[in-house]
Amino acid sequence: MQNEELKATITELLPAATFEEGGEWVNVQVEAADWLALAQALRNNPALNFDYLFCLTCVDWKTHLTMVYHLSSTQYRHNMVVKVKLDRNKPEVETLSAIWRTAEFHEREVYEMFGVNFLNHPDLRLLILPDGWEGRNPLRKDFEDPINMIKL
Amino acid sequence: MVEELGKTMEGDLIINVGPQHPATHGVLHLVITLNGETIKNVEPHLGYIHRSIEKMSESLTYRQFIYVTSRMDYLSAHINNHACALCVEKGLQVEVPARAQVIRVLMDELTRIASHELWWGAMAMDLGALTPFFYAFRERETINEIMEETCGARLTMNYMVPGGVLQDLHPDFQRKVKEFIQLYKRKIHEYDELVTGNIIFQNRMKGVGYLSPEDAISYGCSGPVTRGSGVRSDVRKIYPYEIYDKLEFDEVLETGCDSFARYLVRVREMEQSVRIIEQLIDNIPEGDYQAKTKAVLKLPKGEFYQRVETARGELGVYIVSEGGTTPYRIKYRSPGFSNLSVLNKIATGSKLGDLVAMMGTLDLVIPDIDR
Amino acid sequence: MFLKDYIKEVYGAVKSLVVGMRRTGYYFTHHKEIITEQYPDNRATLKLADRFKGEVVMPHDENNEHRCTGCTACELACPNGTIKVVTKFDITPEGKKKKAIDKLVYHLELCTMCNLCVTACPSDAIKMAQTFEHSVYDRSKLTKILNNPGSKIMEGVE
Amino acid sequence: MWSLSQIAGSIHEWLSTTFNPTIALILEMVIAGVAIIGLFAVLGLVLVIMERKVAAWIQIRLGPNRVGPKGLLQSAADTVKLLVKEGMTPDGADKFLFNLAPFVAMIVAMLLMAPIAFAKDFQLWDLNIGVLYVSSVSSIMVISILMAGWSSNNKYSLMGAMRSGAQIVSYELSAGLAILSIVVLTGSLQISEIVQSQANGWWLFKGHIPAIIAFVIFMIAVTAETNRAPFDLAEAESELTAGFHTEYSGMKFALFFLSEYVNVFIVCAIGATLFLGGWMPFHIGNWEAFNHIMDYIPSSIWFFGKTFFLIFLIMWFRWTFPRLRIDQLLNLEWKYLLPISMVNLLLMTALAILGWHF
């Protein structure tokens, strides 16, 4: 499916979605509350069939956090990007681990690196950081490593 | 630990495999719940070699951050560098000279063979056959020497730069690569004799670690792991980059869905890589090896995503740029991380001895998982 | 037939094992194939590739002159702060002040041999050497000063 | 010509003429014991260096080549290293059993030396149930492994020990049946008689195909019984780090290591005795001249030559094959080796009754 068709279909599914121009793929911005329903629709709609979540990450924009989901379809080979804006002080979003199992691991990584709380996640624990890690989240912009080899 | 797992019952045995263990090839830590010899749950604990390359890259310029990625999946260092260089080029809209493209593809494929070579040896070693490791290294060593001659290093080459490659090919490169292909063709039948055809090996691999195509997709697996389940996933074919769309090679697919299928995919992928090298080695176009770029690179504001096929699967580089000389945020979508997440799924219910076979066929490189 | 399959299975299994043993037996009897490099003993014949990246050095000519202008391009290009350029001001014969290097400090322990400094250098003052035996007992010995004591910049290098 | 039996005889004569019979007997026992311990040490050194060289050549390497001429003293240097290492006992271990286990392994290996005929008329104890003695004593070996695995208080060790228990117990069956098929032919359990019965040809050649099958099964079974690859599940290093001897270090580890190699020697010696004629020289029918030359080679050389050939075979297995999984290992025994060896025994019995062997 071409980008224009994709846009039309997604607007049909979620009229509130806004599109970001530029970039090679369709770039959708949705509200955190709408996201789970849209995700299910994207996965289950036979014309879209986005079954492959190949990248899940978060960007800290200092004023807010943005969850970035890269989706692809192994059947139609079309790609899209979904962005969900989150409140930086209390970032919360529904988990996708029931739809794409790979989200479980990636969300755990985002949880510890950015402090995003994934609601209804089956196993939201620290994955990479050592047990008992307290304090800030390493990949946020205000985190300064006490020992930074590069800036020595 | 016992309380955490929750599912544990009376009489279960919890053992820690790793961080120092001969089978994990690095500092992977698996907490395994066993019932006798049968695995009930596998729980990976990561982070022993986490260097936060993503955070580091945020304070490095677009020329500098590439070298760090060699340390992610050190066995396909060239391909990691390639992905980053491609992503920066996408942002800069630089046209890479034809010669540089061919050199890059040649290096990528040599790296892929070297990586699979090491995997093959280590895989056999996991299953208790120590000898194949040395035979694999004999071939791998010739590749390393070719790399050393042209790139100046054997493992972390840092040869790809935005706009092309760092240096031109060494004059001996073509001759040595041809010699390697000769050696490879002369020795490849040993792989079948020693390992592939061996009845013990086949029994250890067949039907072990069943991964259905649906699960492979849902868990975000990529590379030989998905292709072993019959799912097309070769980025070189589906989203071609560089000159891969002009080359003749097959995407290796096996439908066994088990460890043996994944094993066969990798062994046959080596042959395809040799095929690609044979097509290119006599047809390296003359010209520049590097496009003219500015001394200080600045990417325009925006987001750039580039995926390539490493020896382990799909590597994605996601650069968010604010228009400065350093990336605002970089995300590496490493193949190993997603491939590891499937381990619990496929290992549950099998024997402890199978776990090493499964980990072997997932081809885990721990720095790639931890980044 | 069950028995036939059974025998066939056993025969195939034994055959695959024998094939493997023939291969290892071949190497056991053919010592020409041995590929071991006897490293410390073959130092005399060991030849490393010209491009091998062992460490950064600054070549000096016979007059103890180097080509470094102290422009700090290498320091800026280095991804992890391996190179520190300490500059001083020389007085030229005409009485002008001229920037020159006092010391070019190189931390071998931090270096990743990425070659970025060498490519960044506008006057080809530094290059990669092919040495690789860097082990020392004291870490401080890995911090090196690349320019020789008393060295000057070569005539005509700007 | 000097042979081992003559040396032993002259020592015996000298001792009985010099001392009174009781003291002479005690001295003889001491000499025998010292000789066995000496043989142990020598075997350990020789077999370790042999294994390392075989492995190296198979793996296109040079192998140890620094200590002594061609690296032959490497294992002596390793022994010195192991001797001076600290003998550690982990905190949570059952100290008594933990320290006892390597000695049990050692003692079992020593006991097994008794009935082996090293050369013509050169045997420590030619008891009339020699073969039975060997197969029964060798099963005590599993106790030392279980002891080591359990007392280490380590999960890897425990799993290795349990695996090894299952493995040794099951493979003893087919090893026993293979031995039995030769006993059927010989009609005797005494080692010297078994050797004597092969004066006109080795059982491997005289016993037709059933003997060859028995020989193959015997080799597979003893490889499993001595925990060698491809059956080294008890110490599978990629699964269980080092299995039952994970916690052992220094000399206690060396004793396990040594007893493994001595066990390999013993089973190969038994194999050589049963199938390859022990110390009997190689004869071909009526080739008088050839047979005469063969007779000139001392019997001890024949015995050790055959034994080391079998040891090499086992080493060859080890450096070629991958390891089996525990369930496959037991499948192989119960579904393949045991039925085959039972049928084989039946055939062999028929052969013996009908007198079809040479």
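For clarity, chains are labelled A, B, C and D in written order, and residue numbers in each chain start from 1.
Here is the rule we use: contacts are C-beta pairs under 8 Å (C-beta built on N, C-alpha and C of every residue); 3 or more make two chains touch, one makes a residue touch a chain.
This one's a predicted model, so the numbers in the text were calculated from it and none came from an experiment.
Could you pull out the chain whose C-alpha mean position is farthest off from that of chain B?
Greatest centre separation from chain B goes to chain D.
Select, from C-D and B-C, the pair of chains that is joined by more C-beta pairs in contact.
Answer to which pair has more contacts is B-C.
Let me have the rounded angstrom distance from the C-alpha centre of chain C over to the C-alpha centre of chain D, please.
Measuring from centre to centre gives 51 Å for this pair.
When the C-alpha atoms of chain A and chain C are each averaged to a single point, how far apart are the two points in Å?
Centre-to-centre distance between chain A and chain C: 41 Å.
Centroid from C-alpha atoms only, then distance chain B to chain C, rounded to Å. What do you get?
Chain centroid spacing, chain B to chain C, equals 24 Å.
Using mean C-alpha positions as chain centres, tell me how far chain B is from chain D in Å, no decimals.
45
At which residue positions does chain B touch at least two other chains?
Residue numbers touching two or more other chains: 60, 131, 138, 194, 198, 200.
Of all residues in chain C, which are in touch with two or more distinct other chains?
Within chain C, residues 17, 20, 23-24, 35, 79 contact more than one other chain.
List, in ascending order, every residue of chain D touching at least 2 other chains.
Answer for chain D, listing residues that touch two or more other chains: 58-61, 319-321.
In the complex, go through chain B and note every residue touching chain A.
4, 44-47, 50, 52, 54-56, 59-60, 215, 217-222, 231-233, 238-239, 302-303, 305, 307, 314, 316, 318, 320, 328-329, 331, 333, 337-338, 340-341, 345, 370
Can you list the residues on chain B that touch chain D in the complex?
13, 15, 21-23, 37, 124-131, 133-135, 138, 194-195, 198, 200-201, 203-204, 351-356
Inside the complex, what are the residues of chain B that reach chain C?
60, 63-65, 67-68, 131, 138, 141, 145, 148-153, 156, 158, 166-167, 170, 190, 193-194, 197-200
Mind listing the chain C positions that touch chain B in their complex?
12-13, 16-17, 19-20, 22-24, 35, 48-49, 51-53, 77-79, 112-116, 119, 128
In the complex, go through chain A and note every residue touching chain B.
Touch list, chain A to chain B: 22-25, 51-55, 57, 59-60, 68, 70, 74, 77, 81, 100-102, 104-106, 109, 125, 127-130, 138-139, 143, 145, 148, 150-151.
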